[in-house]
C-alpha cells in the first residue's frame, strides 16, 4: 500500500461551549488537534492510507491522542513513545461570537514532541511512501522538531517522495521574521506549497493582491504547484496555469482545522485528478470541516463526492 | 367529546447535537417521532381532543413512546400492545449544517407496528370521532399497516368521518412508482389532501409550478380541499377558490416534524374557521415547530394565537 | 479606594437550552441575574472597585448568589443577611427563536429582598463612594425596597455622590402608569438618566422619535446627562450637546443583561473620559454581553479595549 | 372504572447530583414531587385507575407538573387551573452522604395550591371513587388546603368511600404540637392510618417501642387498619391481629418518596389481598423506589411481582 | 506478528445512568459491546496483536463500532462490510440496583451480522494466527453465523490454531436445550473451554458443585483446559491438575463484560505462563473491568501487573 | 481583622466521572485544587478571615483559579500576577474504584508559580496576620518556591506569627530523601507540625506505630503541637499530653483534599479551643470533605457544628 505520511505535534484541545467561558465553565470538552494529524485523519477517511510520525508520552493523555487518531484508521506505528513523565501538549479555546474573537491559550512548551530527535524516528517508512506532508508549525516548536523536519525532507528527497508544505504561521509561537527565515529554505524543497493569503503577506512579504502574491511565491520558491487559500473567497493555484476555485457557502459550527481539511482535500484531489480537482476537493473538505465540532473532519469519501456533485444544502435525506 | 384520530407508527429518534456525529458521539438524545402521533400531540396541545391508534411493544421502549405522547394529553386507549419481545422502531439522525445535509438512518423494519393487523384495532373509536388523519408513510410499512389504513378509511366512511391524508413520501421506504400506485386509491377517498410540492412532482407526477400542481391534484383526486406546501414559500390550497399563505420568518433549531405541525395546524384552523384559517394556522405552527428540538410542538393555543396576531419576533416578555 | 455602589435584587435564573422547553426539560441551567449586581460585576471586571447592597437569605441559595458575584470581585460586605427561611427570588426563562419570543416567569414576590428596610443597611459605605447606580425595578418590588431607594438617594445627596438611574420598566411588575408615578420623582434627583426608547415611550410618554424623546426627557428631568438606548440603532445622549453612537454587529448567544452591560459600560467610560466615551464603552459592552450565556459579562478591560480599537470579528488569535 | 383519588400539592424539585452543591452547581435537575401525586403515579403504574386533585398555575411550570404525572396515566381532569401569574411551588434538595445529611429548602409558601378553596373542586369524582388518599402535609399548607381536606373527608364519607391517611409530618411547615392538634380529628375519620414510628413518637406522642406505638394509635384513632413504618426494620400493622413485614435489602440511589411508595404499595396490596399483602407490597415498592432517581417509582406491576417472588438481587437479565 | 483472532457480533449498547430509566431518560449513553470484540480489545490493550472477524453495515453506526474497536488497536481488516441499508444490532440496558435487577432489551434480530455467510470471510488470516476465540452466542444468531463458526473451527484445525470457547449462554436468544444441542459439538473441538457455573448447570446439565461440574465438563468435552468461573468465588480450572483462584474485592461500576474480560485475561496469562497465570490474569482483568463504564477494559498491561502484584486498593498515586 | 495566611500553588484539576477514563472521555470536569488554597477556602467558609499568597498567570486560566477561590471569600489581594504567557499548572485525575487505584498525572513543571521569587510578594500582610500555614509541597516546586517558603518563615518569625506545616509528601515531585533533607529545617521552625503516618514513615523515617511516631516527631522537631493523621483510624496529637480522636464514618464521593480539610479544621478548632478541639474539627471537616466532589469543602460553620454535635447520618431535613 502506498502511504501518505505527515509529521508534527498533536495537542489535547480543551474548549468550552459557545457562550461559555474558560474562566467560568465547570467542564471542558476534549478533542485532539494537530495540523498534520488532522490531515492524516482526513486522508484516511477519504480512503487513502496515511501514517503519522510524532512523539507522545506513554501515559493516559498520550494514549488518548493515539486512540482518537487510530479510530479513523491512521497508522501510528511510527510514533515515538516518550516516558510517562513527559508532558502531553494542550491548548485551551474559548469561541467568541462577533464582536469577540476566538481566544486560544497554548500550553505546548516542553512537550514530549518538542523533545523529538531525528534519530529516534524510523525513517524506513518514507521509503514506501507516496507523499510527505509538513507544516510551518513544527520548526517553531524547538531545535529537535526543526531538525526532524529537515531530516524528513532529506529522507523524502532521497526516496523520491514529493513533499507538500503548509506555511501555517502561528503568531503565538514566533515572529514573522523568525518564521520567514526558518521556513524559506524548507519551502524551497517542496513540490506543493500551500499558504494562506494572510500568511503570504505577513510572513513571506507578498502582495495582498491574491494573484500577484500567488505568482510571487511561485516564482520565489519554485514548487511544482503553489496554492493560495483566500478564506471566504476560495482558493487559487498555479502550476503551469492559473486555477481558481470559489468557496462553498457554509454554516460554521467550529472553524478550527479548516486549513488542514483544505490541505488534505487538496492532496487527495491532486493525487487523483490534478490541480483543479485538488482545489475543488480542498475547498469542499474545508467547508465540510466547519460543520463538525472539533478539529477533525468526519465525512467519508462518498459524503465529499455528494457535496462536490451538488450540495443539497440543508436537505433531509430519509 | 368529539375526537380527532390519527393512525401510524411512532419511533424512538436517536440524534446527536449539531456538529457532533453518530459515529463519534458518546451520548444520543432520545425523542419520540412519528408523523401521525406528532399531529395528535399538536392537536391536543391546541385544546382539541385527539387519540392515536398504533401498535407498541409492551416493554420499556414502547412505554417510553406512550408516556411521551400521553404527557401532552393524547388518548392512547386504542393502542394495541404487542409482546415485550416485539421491537420498537427506531431511527438515527445526524443534523448537517450546509453544505452537509441532515442524514437519517431508519431502523424500523419488522417493528411491532409493521405487524399490526386490522382486526386487532377497536374501531369503535371512529364512531364518535370528528376527524381521521392518515399519511402515506403507513402503507409503506408492510401489508398489515396497509390493510389497516384501508380498514380505517372504510370505517371512517361508514361512520361519516372526514379524512385528511398527508402524502409524506419517504424515499428510504419505497420507490416513487410504488408509492404512487399504492397511494392514489387511498388519496381518492379523502376530504383533505395535503402534499408537498416536492412529493407532488416526484411521486404524483405533477408540474413543478405550484398552482398548476395544485389544480392538477385537485382535479385528479377530487378532495374537498387540496393543500400544497411550498417550504419557504408558504402554502396554497384550493377548495372552491385559491388560497395563498406565505411562510413566516423562522430561526430553525430542528426541522424534523415541520410537515406534521403544518398538518395539525391546518386541521385545527380548518375545523375552526375554514381553509384560509387552516393555511394560516398551518404555516404558523410549522414555523413554531422549527424552534423546538425534537419532532413535537410544545406551544399552546395562546402561543399560536400570539404568533398569528403579530409575532414580536425575538422580544423578551418580562 | 473609591467605589461604585449599586443596590437592588438579584435572582436565581433557571433556564433551558435553545430549543428546549421549561415544560419538557429535565435539567435547568442556573445563573444569577439582577440588573444592579450585573452592573457591579461588569464594573469590577473592568477594574473599578464596586460594591452591591442587597438582602439575601442566609441559606445555600443566598450563598450561591453571593458567591457568583464575589468571584468577579464585587464587594458584598454591605449585603444584609436575612434568616435562612426567607426566600431567594427566582425566575424561569425559555428562549424562543423567531417567530417565538423569549418567555420569562418571575417568582420574586415575598423574597428576602422585598422585605428590606432602609434602617437595615449600613449607609456609611456611601460616604466613601464615588458613584451610586439605581434602577426602576427596585421601587416596583415593595414598600421596603422603594423606601430603601429613597433613602439611598438621600444618603448619596448628603455625601455628594452622583447617581445614575436606569429606568428598566418591567411590565410583569407594575403598570406604566404606576411606574411613571413612582419613578418620576426619583429620576429627577439623578445625575445620569438612562432609558430605552421603548420605556421612554410607554412609561414616560415620550415621542417615538429618538432625538425628540431624548431632548424631552432631558428637559423634563434635568439630569447632567440623559442617555437613550435604541437597541440595534445604538444609543444617543445629551449633556450640553448631542452624542450619537451606532451599535456593533453582534452574533447573539443570550440577550438578557444587555441593558445592564450598557449601563456599566457607560458609567465606566463616562468616569474615564466623558459622555462620548460612555456611549462607546456602553454599546461595546452591550454587544459583548450578548456573546456570553447568562446575564453577566465575562470580558476584561483589555477585551473591551480590543473591541473598541477595531473588532477583528470572528478571528482566531493563536 | 373504579378510581383511587389523591389530593395534595406537587412541587418542582430542583436538585444537584451527589457530591455537588446547590451553592456551586451550574445546572439543577428537575423532577416533580408531591406525596399524594407520587401515590397516584405508583398506583397508575401498577394498573389501578388513579386521579389527582390539586391546583396548578396555568403556565409552563404548572404544565410541567401536569405532563410529568399524566405520562404515567394519572387522570388530571379534576385539577383546578389557577391564573398563569400564580406561583408553582418548588423545593431545592442537596443530597448529603454521611456524615452530612440531605438538606431541603422549601419554597412553597403562597403557591397556587396554598390558595385552593373547597368550592373550586368538582367533588363528583368522589362519587365513582373506590378510595381516597390524604396526607398530613396538606393541612399544613394554609386555611384553604385544610378546608379542602376537611371537605374531601366529608364528601368521601357521604359517598361511602374509604380513606387512607399518611401522617407525613414536616418539621419545616409546622410544630409537632400544631400538627397534632390539626391532624388528630382528621385521622379519626380514616379507614387506614399510615404513620412512621418517628412521627408517631414526635407528633402523636406514642411510645418509641413499635408494637406499643402501633396498638396505642390503633386504640386512639380506631381506623380499620393502623400501619406503622419502621424504616430499615420494615413495617407492622394491626387490624384484628398484628402483621409484621421486614424491609428488603436495597442499594439506595435516592431516598425521597420512599414513604409515598410504601403508601401506594400498601393500598394496592390491601385492595387486592388484605393487610398482609399491603405490607408486603408496600415494603417492596418502597425498596424499589429507592433505586430510582426522583420521587417517583417507574416499575410496572410485573416488576413488583418479580421482586415479591424472589428478588434476584443484582442479576442481569439478558 | 502472531495474532489472536475472535469472531462474533458487536452491538451498539444504549444505556441510562444509574437510577434513571429507559422509559424516562432524554439521553442514552452509547457504547459498543460484543463478547468477542471485547476480548479482542482487552488483548490488544495488554499488548497482544488481535484481530476481529465480523460483518458490519457500511453506515455511520457500523463505522462507530469499527472506530471504537480500532482505537484500542484491534485489526479490523477482515471485517465484512454490508450495504448501508443493513441494520446495526443494538441493545438497551437499564441498570437496576438491588432489589431491582439489570434489564436488557435486545434488538439484534436481522442484523448485518446475522446475515454473515462463511464464504464472505477471508480465512487466510487464520493461517498466520496463534489463537482463535469463539463464544456460544454466535451460533444462536442464525444459520449464517452458525455456519461461520463451524467454518472457523474447521479452518483453525486445518491451520493448527488452538481454539478457546466461552459458552456464554443467552436466555433471550434460545432455550437451554437448543443451546446444549448446538454447542456440544462445537465445544468438543476446542483446546480451552470456559464456562460459568451457572451455564454449566442450566445448559450443560452439570452439578452445581463447582469441582464436580469442572471435572464433569472436562471429562465430557476433553479440552486441554477446562475453566469454570464462579463469580464472587473466583474461578477454577483443570488441565492435568486442579487450579483454584479466588476473586478480587471490587467496587462495581458496571458489571457488563466481566466474563469477556476474564476470557481475555485467561488467554493472555495462559499464553504467557500457563493455566495458573491464566486464572490469575483472568480474575484480575474481570475485577478491573467492573470498575469501567461500558463493556470494555481500558487498563494497560502495566495496570494489570500492578493489580496482580498487590492491589493498593483505593490508593491515590501522586 | 486578624487573618490566616497560606502560601502555595493552585492547579486546575481536570478529571473524569467515576468509571470513565482520561483516555476515552470527551469532557473533563474542571476544579481548582491546591493544598494551601483549599485550607484558605475551608477557613473562610468557617468564618475566619483568610488570605492566600501565590503567583498566577494573568489569563483566563489564572482568573479561573482566582475566581473559584474568591467566591468562598478568600482574600487574593497578595497574589502576584504573572504575564499571560506564563502557564497555569494543571493535573489530570482518573478515579479508580478498587482494585484500581486513583491515578494522577501532574503537569505543573514550569508553571507561573514555579517561577515565584520572594521579593515579588508584599510581605506586609504577615504583619497583621494571626497565623501562617505552609506545606511540604511548595519547596518541591523549584528554587523560587523554596526560597519563598523560607522567606515566609522568616517574615512570620519577625512578626511573631505562629506557623503550621503540613508535610504532604508528593512522590511524583521528589524522592523521600530529597524531601527529608529539604523539609527538616523548615519543620523545625513551626508551632504546629501536621503529618500523615505514611509520610512520617517513608519520609521522616519514623516508626509505623502511631504513638511512637508521634512522640518521635515531637521530640525531633519540637513544635508546640505535633499532629499525626491516621486515615480511617482518625488522628492523634501531642502538646503536653496525648490527644486521640477517632475518624467519622463516611461515604466517600471524592477523597482528594481530605488532608487539607483536616489541616483547616485543626487550625480553626485549635485557635478556638485548643488541641482536642483541633483534632475533633479536623477529623469532622476531613469527613465532610469526602462527601463533596472536588478538592474543596463547601460546608459552613453551622454544618460543621451539626456534625460535631451528633452526625444524623443520612437523615433528610425537611
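For reference, chains read A, B, C, D, E and F in written order, and residue numbers begin at 1 within each chain.
Following the convention adopted for this analysis, contacts are C-beta pairs under 8 Å (C-beta built on N, C-alpha and C of every residue); 3 or more make two chains touch, one makes a residue touch a chain.
Note that this is a predicted model, so its numbers are computed, not measured.
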Chain of greatest Cα-centre distance to chain B: F
Maximum centroid distance from chain A, chain identifier (CA atoms): D
Centre distance in Å when chain A and chain B are each reduced to the mean of their C-alpha atoms: 45
Chain centre separation (chain B, chain F; CA means) in Å: 61
Residues within chain A bordering two or more other chains: 21, 23-24, 26, 63, 67, 103
Touch list for chain F against partner chain A, complex: 14, 21-31, 59-61, 63-64, 67, 87-88, 90, 92, 94, 103, 105, 107, 109-110
List of chain E residues in touch with chain D within their complex: 18-21, 23-24, 91, 96-104, 106, 170-172, 255-256
Complex interface listing, chain E residues touching chain A: 63, 67-68, 70-73, 300
Chain B - residues contacting chain C, complex: 248-254, 284, 287-288, 291-293, 298-299, 303, 306-307, 311-318
